[in-house]
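Next come two complexes built around chain A: one with chain B, the other with chain C.
Now for the complex of A and B:
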């Protein structure tokens, strides 16, 4: 096993790639009572056009397949219900699908080995039939309808949809009623066989564990199973996403009390400078944090002017060559807020002192992460998905961020590619 | 059915008390796709000494019984698993136990009537055996151990434990390993028969529903069932909680990276003035919000002095005659922070303008609530538990809060009864 010391975290990360390609990451943390295990595949809603493991030609699967597949793995041929199994073994289990990955997880303070083997087994034992695929459609349709009632969720989805021209991140993770209804068990098996191949998956185990023992449990389990032969890297379609947004504005009505607004900036990060991609994202996030967080001067000003009552919020969406920054707010004066946001974003009125304070914040959260086996696990998981590797000294990387580079990067960004969505109360 | 119009929310609340004593509250919201249903009993961890429905003498049940009972209602005699039932019927189900109440809930956009009947049925069909009670102990023991690893949870529990002398709110909701192991099925039935009597429970239904139809479904369901006769109001022990805290300071060590601190103020609200209890609590919360929230000057000052990196946090615990306000922070300088908090709290340096802005905030959250059937439901539920009745015009009540009354109340509060807990990293 490879052992990596994580600087300033007082933790060691054990890594081994098994013969079948599965990457195993273990971070032991002593003196605590439980363990947290995630089993991840690099398969999310954005992986829509690809060459299947046993095919030669690119295929396109219906919107929402990754999430549908996640649901269906909880149905086992022998009738076992994974949630019931974990409830009986003192563990909490769950799963989630994002644009970039699907994660199956449990946490428990007892029966770790049994629970871990069960996780590997149920995720690696697909059981899709015409009947059970058909039955799931109704369940997911109801889930889709429930999301549709949430105004902030609607803002988020519309913001992405209107910003992106070609990239499949455009599409809601859960799909649409129409797309879901077109899913077949053949679609599910094509995705499953390709993206749930061990070489496209990884396990992250954090908590009170012995790396050697855990690894041998995993190896024994994996050695008993057979997988298809992967001839080459999975081929996924490339999208030549333009810089322009697909639609600049949209107004909708919903059954709400206070209007809600999103303002989205689309930024091409593939041609900004020779600084590493993750640093560019970190700089842009710092910039937005300084300018639009709840502690920013601009946020205070909006409150004093009674344009907002609750704080601004913002989030980042990673679109490979681009990123989207979505600013969200509730306001009785949507147009006034939008024009103020636009002029504010183009003014580089941030100072070194605030920059250093925000950096200190990030460093503190980084160190604080080591207090929680959940946060450590999420940190490893998203790093593997985003970077494909472990950054052992993120502490030093954050420390090295400089105000000069921030200025250079922000100067190079064109904030002209943006759009907005307004949700008004229904009359 | 009684119909109450909720001022400024554009909503109507339908209420009916059934013959068996069950209160039903329905708030229809059109143009959305789903409904949210909570089935609540006014039974939480604080209800520890009481006269059982079929007894004459006060009994004392082991710590953690309410939460244990919540777990056990999910085990049905016929082997049905409520989670599995709801998953198959397109619904999400859950339950939670607080110091004051236990809630069983589901949300769904389909099969509302079937899901609602199932909720009434599984909660009203207890099945406790010596064997299944014994088996549950191991599961809850593991849950207790998992909580013990969370530093903020530990801070919260220690803060309450050290602040309170007699009131059973002192005790962790989940109990201790020892107390859990002493629970018998007789304890569970004593609590169940007393506190799960329909007259001590209430249903809250929010969403796209027709009040008349839903009410008739509930009535039909309840009319088929028999309950014990309740001769009088449930008798619960009174605790004469003193104003002093039980312990003024405690330092512990955990496996963490950054020290964490809590500072807790114990305030007797039973003798402050003739203003209604809920207004007193609102004023005290406003005061703490102005002084210690992330947007307060004091929070900014602590950041500039590099005493904190992440914002202060605070929470309120309702202890009947008293309230606790717990301020939480991460800091490398615990003693400095604690002394600054102490001098800050005693200085009435808040102004009318900030007061009015914070009031606007509360009014905005109040109106915003009507955008979500979850928030409306929680609002009704906590009002029933706290106030025992619906406040139809909370909007006007918030508007009427005055800066003069704030000053009068704060002047009457003695902030001397306080304590702190510091968690240091293990060496």
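Now for the complex of A and C:
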């Protein structure tokens, strides 16, 4: 097992790649009595067109398949209900799907080995039938409607949809009522067989565990199972996403009281600089943090002008070659806010002192994180999905970020590729 | 982990010393018997104190200051629980072992300044700051009435009894905003400081005497207070037939909220049996409501039951299609009745008990759950962890059936969407 010391976190990470390709990451943490386990596949809503493991031609699956599949893995052929199993063994279990991955998880303070084996077994034993696929459609339809009643969620989804031209991140993770109604068990098996192969999956275990024992439990479990042979790396369609946004503006109405606005900047990060991709993203986030967060002069000015009452918010969406930064606000004056944002974005009016304070903040957040096995696990998981490897010294990487590089990166960005969405109250 | 209590007089200090975490966590509660007309004052107070302080004239400068303190986290808010109105403030900051010497004192000073050194002008809160928090409150009041899930929940409680404590809205009321002036808010602030019960909780690797001294020097309160009367709401009357209320709403999904009253509970039922019952009915991921309404009949994505222990109320909520309202109500009622008839598997009970035993054992794994545990011990005389584990294991099927017979579905509110 490879052992990596995580600088400044007082933690060590144990890593081993099993013969079947499954990556196992274990971070022991003493002085607590529980553990948190996530079993992840690098399969999310963006993996929509691919060559199946047993096929030759590229296929396209309906929108929302990854999330549908996550729901259906909880259905077992022998009728075992995973939630009942975990309740019996004192564990909390759940699952979630993002644009980039799907995660099955549990946490427990007892029966860790049994619970871990069960996780591996139920995720690696799919049982999809016409009946159980049909049954799920009503449930997911309600989940879709729940999100449709949430204005900020709608704003977020519309912003992404209007920013992306070809890439399937455009589509809501959950799909649409129409798309999920078209999903068949064959779609689920095609995705499952391809993306749930151990070589496309990884386990992250954080908590009070002995790495040797845990690894041997996993190895014994995996050695008993047979998996299809992967002839080559999974072929996923390359979309060659353009730099332009798909749609520059949209106004919709919902049953809300205060108008809601998003302004989305689409940035091609594949040709900005030769520094690592993650550093480019970090610089861009720092720039938006300095310019538009609650500590920015701009945010303060908007409040003084009574354009906003609550602080601006922003979020990042990773679209492989591009990123989207979505600024969100609630305002009675959407057009005024949008025009002020447009003139503000290109003003490099940030200073070194603020830059260093924000860096100190990020570094502090790492130390906060190291107190929680849940946050450590999420950190490792997103690093594997994003980077494909463990960055042992992110602490130092953050410290090394320089104000000069920030300026160079920002100078190279074209902020013209942007759009806005306004949700107005229904009249 | 060592708990110490100091009865300073004007406030109680509870220190839970533990070296498990890299953070120090601090929480202050101000509490008094709830009066509906005061709730908006409490909401504005908890907002305005984080808008600026005597030292930091704007929210921006306040946030910059907390970032300088190695990203110290602060939060505050007001709520109502049973008959008690709470105004609470919390902070979390890194132990100075991981930052630099002197940070403990700086972080505690900063946190206490936000509460005890407000930004006054001529002896009152500044009118411009009051306007800011009023505007925020107006936005949030307008917006919360457009949120179907929240709206249905509040309307169900109002339909149950509009004058009961449980139907009070802890975050305040639009109609009360206008009458609040810098002067009246300042007077209310002084009333809170001098007559609310105050408890301070600290979890972390700290020196008790150092903390005690720091707080004594920085909490300018010198009046002694006493605990008020019972915290629980007892129901005098229960409806024989549930009251049904329907309302149309412009939303995609319909919201069903059912409220049940529970009366004449023993302490053991309140502290243990109810929790186990609720988990079996609709709290756990393998609950009866989840399995029947969602998994078997595909009627919803989310369905859950929750308990308001101090109000003696059980609430069930589900997001459904409008045409499935009656069918869902019937299925929920059937599950409630089935438990009262004893139709529960022994494994459902034992699994739930195992879940609770483990959750009790895991309390000490996070500073926040340690804090919540001690808050419940102090305010509600909750048992200690060993006693909790022993008591929950005593629960039998008969106890759950006896408890289930005390549940009376009182009000059913269906907010009909589907646009």
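The rule is simple: the second predicted complex is superposed on the first by the 427 of 427 C-alpha atoms of A that agree within 3 Å, B and C clash if a C-alpha of one lies under 4 Å from a C-alpha of the other, contacts with A are read in each partner's own complex, and residues count from 1 in each chain.
Definition applied: contacts are C-beta pairs under 8 Å (C-beta built on N, C-alpha and C of every residue); 3 or more make two chains touch, one makes a residue touch a chain.
It should be emphasised that the depicted structure is a prediction, and the values quoted were computed from it without experimental measurement.
*Asks:* Clash or fit: chain B and chain C on chain A?
*Replies:* Superposition check on chain A flags a clash between chain B and chain C.
*Asks:* A:212 in the overlay: touching chain B, chain C, both, or neither? Say first, second, both or neither.
*Replies:* It touches nothing on chain B or chain C.
*Asks:* Applying the document's definition of touch, where does A:360 land relative to chain B and chain C: first, second, both, or neither?
*Replies:* The answer is both, since A:360 touches chain B and chain C.
*Asks:* Touch test for A:130: chain B only (first), chain C only (second), both, or neither?
*Replies:* A:130 contacts neither chain B nor chain C.
*Asks:* For A:310 in the superposed arrangement: first (chain B), second (chain C), both or neither?
*Replies:* In the superposed model, A:310 contacts both chain B and chain C.
*Asks:* Check whether A:238 is in contact with chain B, with chain C, with both or with neither, and answer first, second, both or neither.
*Replies:* Neither partner.
*Asks:* Using the superposition on chain A described above, determine whether A:94 touches chain B (first), chain C (second), both, or neither.
*Replies:* second
*Asks:* Considering each complex separately, which residues of chain A are in contact with chain B in the first and with chain C in the second?
*Replies:* Looking at chain A, the two contact sets intersect at 31-34, 81, 83-84, 87-88, 90, 108-110, 138-139, 142-143, 145-146, 148-149, 255-258, 294-295, 300, 303, 306, 309-310, 330, 357, 360-361, 364-365, 367-368, 370-372, 426.
*Asks:* How about chain C: which of its residues touch chain A in the complex?
*Replies:* 20-23, 58-60, 63-64, 67-68, 70-71, 92, 94, 98-99, 132, 135-136, 139, 142-143, 145-146, 148-149, 249-253, 284-286, 290-291, 294-295, 298-302, 319-321, 347, 350-352, 354-355, 357-358, 361-362, 364-367, 417
*Asks:* Write out the stretch or stretches of chain B touching chain A in their complex.
*Replies:* Those residues of chain B that touch chain A are 9-10, 29-34, 81, 83-84, 87-88, 90, 107-110, 138-139, 142-143, 145-146, 148-151, 255-258, 294-295, 300, 303-304, 306, 309-311, 330, 357, 360-361, 363-365, 367-368, 370-373, 426.
*Asks:* Can you list the residues on chain A that touch chain C in the complex?
*Replies:* For this pair, the touching residues of chain A are 31-34, 81, 83-84, 86-94, 108-110, 135-140, 142-143, 145-146, 148-149, 255-258, 294-297, 299-300, 303, 306, 309-310, 330, 357-358, 360-361, 364-365, 367-368, 370-372, 426.
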